[in-house]
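In the two assemblies presented below, chain A is common to both, partnered first by chain B and then by chain C.
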Partner chain A sequence: MSAPLPAQEQAKAEEQKLSPAELKKRAKAEKQARRAAQKGGQEQDGDVGASATAPNGVNGDSNTTKHDSGATQQQHAQKPKGEKQQKGQQQQKHGRQGAQEVESHHKRTGSQSQPLPIRRRPSQSGAPPVVQKPAPKKINKQVELFSHLYTQPRRQSIEGVSKDIHPAVLALGFQMSSYEICGSSARCVAMLLAFKEAIQAYTTPAGTSLARHLTSHYLSPQIDFLKSCRPISESMGNAIRWLKKLIVEIDPDTSEQDAKDDLCERIDTFIRERITVTDQAIATSACQQIKDGSVVLTYAKSSIVERTILEAHTNGTKFRVIVVDSRPLFEGKSLATSLMHAGLEVEYLPYSAISHAVKQATLVLLGAHSMLSNGRLQSRVGTASVAMQAAKSDIPVIVCCESVKFSGKVALDSIVLNEVAPAEELLLPSQSASAKPAKEDTSEDAEAKPKSLSDWKDIANLQILNLMYDVTPAEYIRMVICEYGSLPPSSVPVVHRLANEGM
Partner chain B sequence: MSKRNAVAGGNGGPRTPPFDVVAAYRRLLSEDEDLTMPVAAIEALILALANTPASTVSETLDLVSKLTAQLKRGIPNSISLSAGTDLFQQYLISNLQRPSARGDFDQMRTHLVQNGKLFVERAKAARETIAGFGRHFIRDGNVVLTNGGSRVVGSLLRSAAESSNNRGTIRFKVIYVMSPNNSAEEDESRQNVAALRERDIPVATIPSTAVAYCMDQVTQCFVGAEGVVENGGIVSRMGTYQMGMLAKAAGKPFYVVSESHKFVRLYPLNQQDLGIEQNVVDFRTSVGSVKGESRSVKDEGMEETKGYKSPDFATQDAVDYTPPHLISGIITESGVLLPSAVSEELIKIWF
Partner chain C sequence: MPAPVVGQTPSLTTFLKSLKHSPIETSIELLISLLRRRQISHSRPCALATAHLLLRVVAAERLKPTTDSTVAALRLIERIRDVGRRLVAAQPREMAVGNIVRRVLGVVREVVEEQGDGGEESSGGGSEPMSPLAPAVPQDLRPRPRTPGDATPPNFDGPSDIAVNSRRPALASSTSYAGQGPQSTSLLSFLEHPLGRSPTATPSTPGTPSRKSTQDKQEKLDIKAEVIDGIKELLDELEVVDTQIAESALEHIHSGETILTHGSSQTVQKFLTTAARKRKFTVVHAEGWPNDHEATHATIVNGGGGTGIEDEKWKPLTSMGVTVILIPDTAIFALMSRINKVLISPHIVLANGSLLAAAGTSTIALAAQAHSVPVVVLAGVYKLSPVYPFDTQELIEYGDPSKVVGFEEGEFVEGVDVGNPVLDFVETETVGLFVTNLGGCARGYLYRVVADHYRGEDVDLSAAAAPNGKTVA
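Up next, the complex of A and B:
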């Protein structure tokens, strides 16, 4: 009675893969496994199973007469496959019968413990590769799940850069890769300003027109260079899309200098309208939410949040600010400093103190890297937990975000859309070979000689993942403030269409 | 219209600047039982425009915004009427600033004044459309929970009572939440109850304290709204919020019935964020009210309203805010919307 289980197992497997060679292999493996697993009486079954691998109609036919033995059932379970080759109708019938029989037997014998080792066989045979996998990972220090996010390492040197790249863009690229210029809006503005210079330095080659040549042959390499320094943000993407559209629409009759001047002027307008003035409008609108006695909680640093808080302070509102910050960028330090210098009461807390911070807070203000079309917020990694903690304690979470950061993309998790920063940034800075080994190291190298975290590349089974962003679910966000007013997160796609796609 | 103009003209006179828009608003509301606050506000503004000579576009816009501010100051709870004034202002801006409108400004203005009535008529017709949409939500054997004297909910329930499916009229029951004190507010509720009972619909009236008690018998809830705010939540009579919470807890659908002209550009985060002062939570000691210590819900510009406010502005006129996650659907004349669609509608109007 122990036979039906493996038989069904086999039947299932055969449904998936029908090659006879495969079948034979499986049967053999099964035979071995069964021999290894107790019971001398099972030898018989194994033999039958092996014989069944031959897609032999006669063999099957003869067996159909003995309906009661477990061996027959096994045979039948295998049969549909053989039959398909032979197309004997009578056998098909038998085969189905057999399969049903097997199913019913399977139910009855389900409680038996004996077939279990055999049942696990596929996973056992699958196990060795799993064990082997870590070996290549020793070389490959990328986290498998995020492998799609690893681009080439961030460019740190000018080596091999195309000569077409404008110096302003070159400088910007390195400023971005070293976080000298950081933050979605700042990067967008800086990029547009660099492009302005690049456009002024551009001359259309003979035999082509500016509208056709500029984007594909001149601007694209600049953009690619910026991408190689650090993946571009959503706002930069939107701005680039806007700029490309603008270039295509240039009237071919305009002289080159006029066209370039016009482009630069339009870029200035774009920066003013979509970012500078917008920031002011958002700050004015958002600071209405800060009331006397409020305790504003914010995470990391957003220029818009900083502006909002400073504006509320200038308006004479009496409130307190809690800045939560985390490694590795410690962006909140600069926010806390600037607020402190403005005369605000600031509390600076580490990320591990979120729940404590949330207890006192009455309002959470967050900046954004991007607002996704399903209402989710993509922002500095860690934002999601802050928002979750706040939402759980019914504290309003408000996102301040220019519409240029709205995106048509949709993400359900932080895996698909993200940016992986160099893992070295997560290492502790105190690597000066002094007596102070970082505490975190001890857990990693319990086995051998004292390795520190900085040796992570030599430590097997250790990978470091340094994600830049995470995605906050829409239900944690009470309100999104953009230049179009205050919106529920569900209205992000409407505004995105309106603002970025001109519909 | 002409008669009203005459009345209003007697009030202020075409040349005298102070046209009392607040009085006109109040009078309009009291004259017409069926008028909603946003529509009354729009009508009052049109009356004021008709009575005040303004010759340029910017002058007109300036006048309208001044009148709006005056109106908002004059009425203690300006949420609902601001939906109307905002709509009107936006309509003016989009129409007057169109380049083509510039030439025939006067014509445009007279057109506006004359068509005010049409707008009111349409607003009233909307109620019937809503009833048409909404009655399909009520089926045989349902028990409907409702509160307040909302006219649109009343007309929906009446319409459901009169309509029929293929087996005859729909048989449903109504549980009506009424406050025990005989305030004027309850008159409308009583009228609704009487109208339903006349149509052979069994109606039970319960105090608001019994809402949780009867929630297990209820199939769905219908409530009216003073204003539908931007995130899809509603501002409605005190008690609606708790009804929504109880309905959510019991897993019963909670529908809001409202004309789309009640959509208001307001985004409250919580009950204190409505921009109006309600003296609902009033801490007292034996000495008296402890104003200083109680949480201040004052908004800028609200100080002036004190003159107009009756001192016992308490729970009977008070409103609360029901957040969108408690609302299953908003039945409007343009269809049944999810709360999240409100913001889209508003964006369509404003941009």
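Up next, the complex of A and C:
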């Protein structure tokens, strides 16, 4: 599938990935860490021990919700690693990477076992303490225009993951990289739940305080791990910022357990207030836009849109839904299925049929990945065309979006801010149609005379681009519904300040 | 265009083979069923099949030796109309069928008119030395007899008007409009000047009967022979149309461009390949899920060609040093801001310049318009249809929904209405330029090109035959 980036390139990619804001954050974190380290050098030992033992202990009762499959896999992988992790990791690396990589790794593992706080920093700042999964992307396979987005291949295996990473977070990471948990809100909620478990499993090392140590030394690696699985969404970013602020503000006098309980409770409140109840409020408000006889057009899948439609249906409104879907994720299929089960009249159209869908529609409801401060909507790739077609036919385009997804960033096009998903997702399951295990099947086909697309890596000059998001111009959006009410896209920065920065 | 044919699946190839040795009525029925079953689909295969069939129909028509030429011609027209009606009724959305029928009808009318006033005109036209640069001389809609009286300004640039007025100068002047006159072959012009075939034309009947020997019997034979010649010219045109379009590639593509295209059109591929021989550029290729993505992938990976009967194959663009970026259709809007040009090859161009093209094209065209990116439409003249789109919805064809959701997902298919439109209607406002085998033209001029190729009487095929006087008088 994929093989390793050269070590230097990878390191570079790591650097590039960080935005200035993140760099600043990182610098701050480092400073904090240094101070913490100066305070008590020896605590590191305790810390390492705690986090090393934590995983297995918590694993059992974690992941009750969605994480099950991931968690069990996780356990299998984790146990053998438990004691010998250091050794095993090193061996693996010796096998695959160049000397450089091994050396840097030595440093890292060394720091974990020795009480040398300063040397620990490389692992906690920026670079996840990780060796990348092999991924030999030839340079010419990256679309030049998007070269800034090819940071690193998504992590698909547990190999080389630092033992600090809490199993719940580990499981979540893989669920995110495989789209099992997909969607901005879902990822945000799942992350907060995982963090709750991680926080409960955390013990403050002696000589430092929870407020000072938790974020930089414990949460940051977890976040970095999640980032390595899939770039985090705006809602996750907002939630993380909120959580960090919360941790810093903890009264140093509170006992550790109290502080942790408090944090967990606050996280629950956050999820409830900012997402669960908000979704309900938005759905209630948005479903008033659906009238009897309406034809609601939606694209891909958004949980709020689903909720809105279901609520309108429960209210007894008679209307029809058109779900437009696209390759490769087919998210709309699950939306159509759930609406079908609810007894709605659903039409399912491929992406090529937007113009036909728009002809029938009276209302377009869209979900969001993020609302940008210049009023533009960042959402699943393809949303912009749907909104454009609708706007050209004068059909109202309404975006349902929690304020936690509002962002301070601005973007004019879909190129600077985006995420590139693995191109392999776009390959057809297999040319001979039936069999699922794609890899072997396609390679067999390839031996037959005409080449197939799955040989794309061997074909010079051929690139496959699989974007995740696009940016919809504000002029296509008639209204944004968030928990603060219905607003024009131009009011997004106001709500963002109010909701995400004013706290 | 469809993927290469395997085995004995009914297709254009098998149809053309069977055409040679089956009775004419059987062939007609076969084509009708092939069209109905969509085993011949897309404009070019349909056009080819229709032209070949009509060739046989005309050849098989027995004109009584006693009948005078006009009557014979009328019978021929009636026969072609009848076959055409049946073909069109079989698959009304394949408008290329109707286009070819109309053009063949035009050929017949042309021949009749030639003979009607053959006296003066042929002596003038036939005796002049033939220029090898005989380009397309589109025919005017007006019946020929009125022409002598018509006051057409001699320096008016419309080729057809000049063509009507004095034929020889028209050949020269129309080159400017055609842009690449020398290669253009329009059968109609050659019918008027049977000796003036361009080198690319098939040498169908070396001793084309000259109008000077106008004995009665000869005349009757002439009608059939000349119509057959005309259809052969038409077939030639269909053969070379993509190449002719591709010849103007260098006028439209410069180095370093980023070009977006969609689906697996061979016309576009040929166009790009021609440009790639001289220039390096980038192609962003949208795959056209769910109807065309497999063919698109195959085209990108293996190159084009080899689909028709006599098509040559050519290398994929990637092997010519052109970077090809495959994207799903969803990413079109995201990338459009970086695209310099959009190339589209529609199924049909309607009389007002709007297009029927593969589903998804309308999104591309609108996105291009939103980003002020020019949309270049590549279409052979045979794709220009005189049909005016009053009801766009009825032109749209719906395809196999199992391409969207497989029938193995029974519950889903049962409970959800799955649709799969194959065609999109694209408004003419989104199109920047049409490139036909006669050269480029703006959408405002397109109606003229359409009018040049079809007779007014033939636009409505389903209508009863025109009264005799009108056609021949």
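Operating definition for what follows: the second predicted complex is superposed on the first by the 343 of 503 C-alpha atoms of A that agree within 3 Å, B and C clash if a C-alpha of one lies under 4 Å from a C-alpha of the other, contacts with A are read in each partner's own complex, and residues count from 1 in each chain.
One rule holds in what follows: contacts are C-beta pairs under 8 Å (C-beta built on N, C-alpha and C of every residue); 3 or more make two chains touch, one makes a residue touch a chain.
On a predicted model such as this, the values are computed, not experimentally measured, just so you know.
Visitor: Sticking to the clash and touch definitions up top, decide whether chain B and chain C on chain A clash or fit.
Guide: Fit - chain B and chain C, as placed by superposing on chain A, sit side by side.
Visitor: Looking at A:S177, would you say it contacts chain B, chain C, both, or neither? Reply first, second, both or neither.
Guide: In the superposed model, A:S177 contacts neither chain B nor chain C.
Visitor: A:N238 contacts which: chain B (first), chain C (second), both, neither?
Guide: A:N238: touches no partner chain.
Visitor: Of the partners chain B and chain C, which touch A:L487 in the superposed model: first, second, both, neither?
Guide: So A:L487 only meets chain B here.
Visitor: Per the contact definition in the header, classify A:S326: touching chain B only (first), chain C only (second), both, or neither.
Guide: second
Visitor: Check whether A:I464 is in contact with chain B, with chain C, with both or with neither, and answer first, second, both or neither.
Guide: second
Visitor: Applying the document's definition of touching, compare chain B and chain C: which contacts more of chain A?
Guide: If we count touched residues of chain A for both partners, the winner is C.
Visitor: Mind working out whether A:S302 is in touch with chain B, chain C, both or neither, as first, second, both or neither?
Guide: neither
Visitor: In the overlaid three-chain picture, find the nearest pair of C-alpha atoms across chain B and chain C and give that distance in Å.
Guide: Superposed model gives a least chain B-chain C C-alpha distance of 18 Å.
Visitor: Per the definitions at the top, what is the overlap between the chain A residues touching chain B and those touching chain C?
Guide: none
Visitor: Provide the residue numbers of chain C that touch chain A in the complex, in ascending order.
Guide: Touching chain A: residues 287-291, 293-294, 297-298, 300-302, 316-319, 321-335, 337-338, 358-360, 362-363, 366-367, 370, 393, 396, 403-405, 411-412, 415-421, 424-425 of chain C.
Visitor: State the interface residues of chain B toward chain A in the complex, per the touch definition above.
Guide: These residues of chain B touch chain A: 230-232, 265, 267, 269-270, 296, 324-325, 339-340, 343-344, 347, 350-351.
Visitor: Sort out for me which residues of chain A touch chain C in the complex.
Guide: My answer: residues 143, 145, 323, 325-328, 333, 336-337, 340-341, 345-356, 359, 380-382, 384-385, 388-389, 392, 413-415, 418, 426, 428, 431, 450-453, 455-456, 459-467, 469-471, 473.
Visitor: Using the touch definition from the top, list the residues of chain A that touch chain B in their complex.
Guide: 289, 292, 396, 398, 475, 478-479, 484-488, 490-491, 494-495, 498
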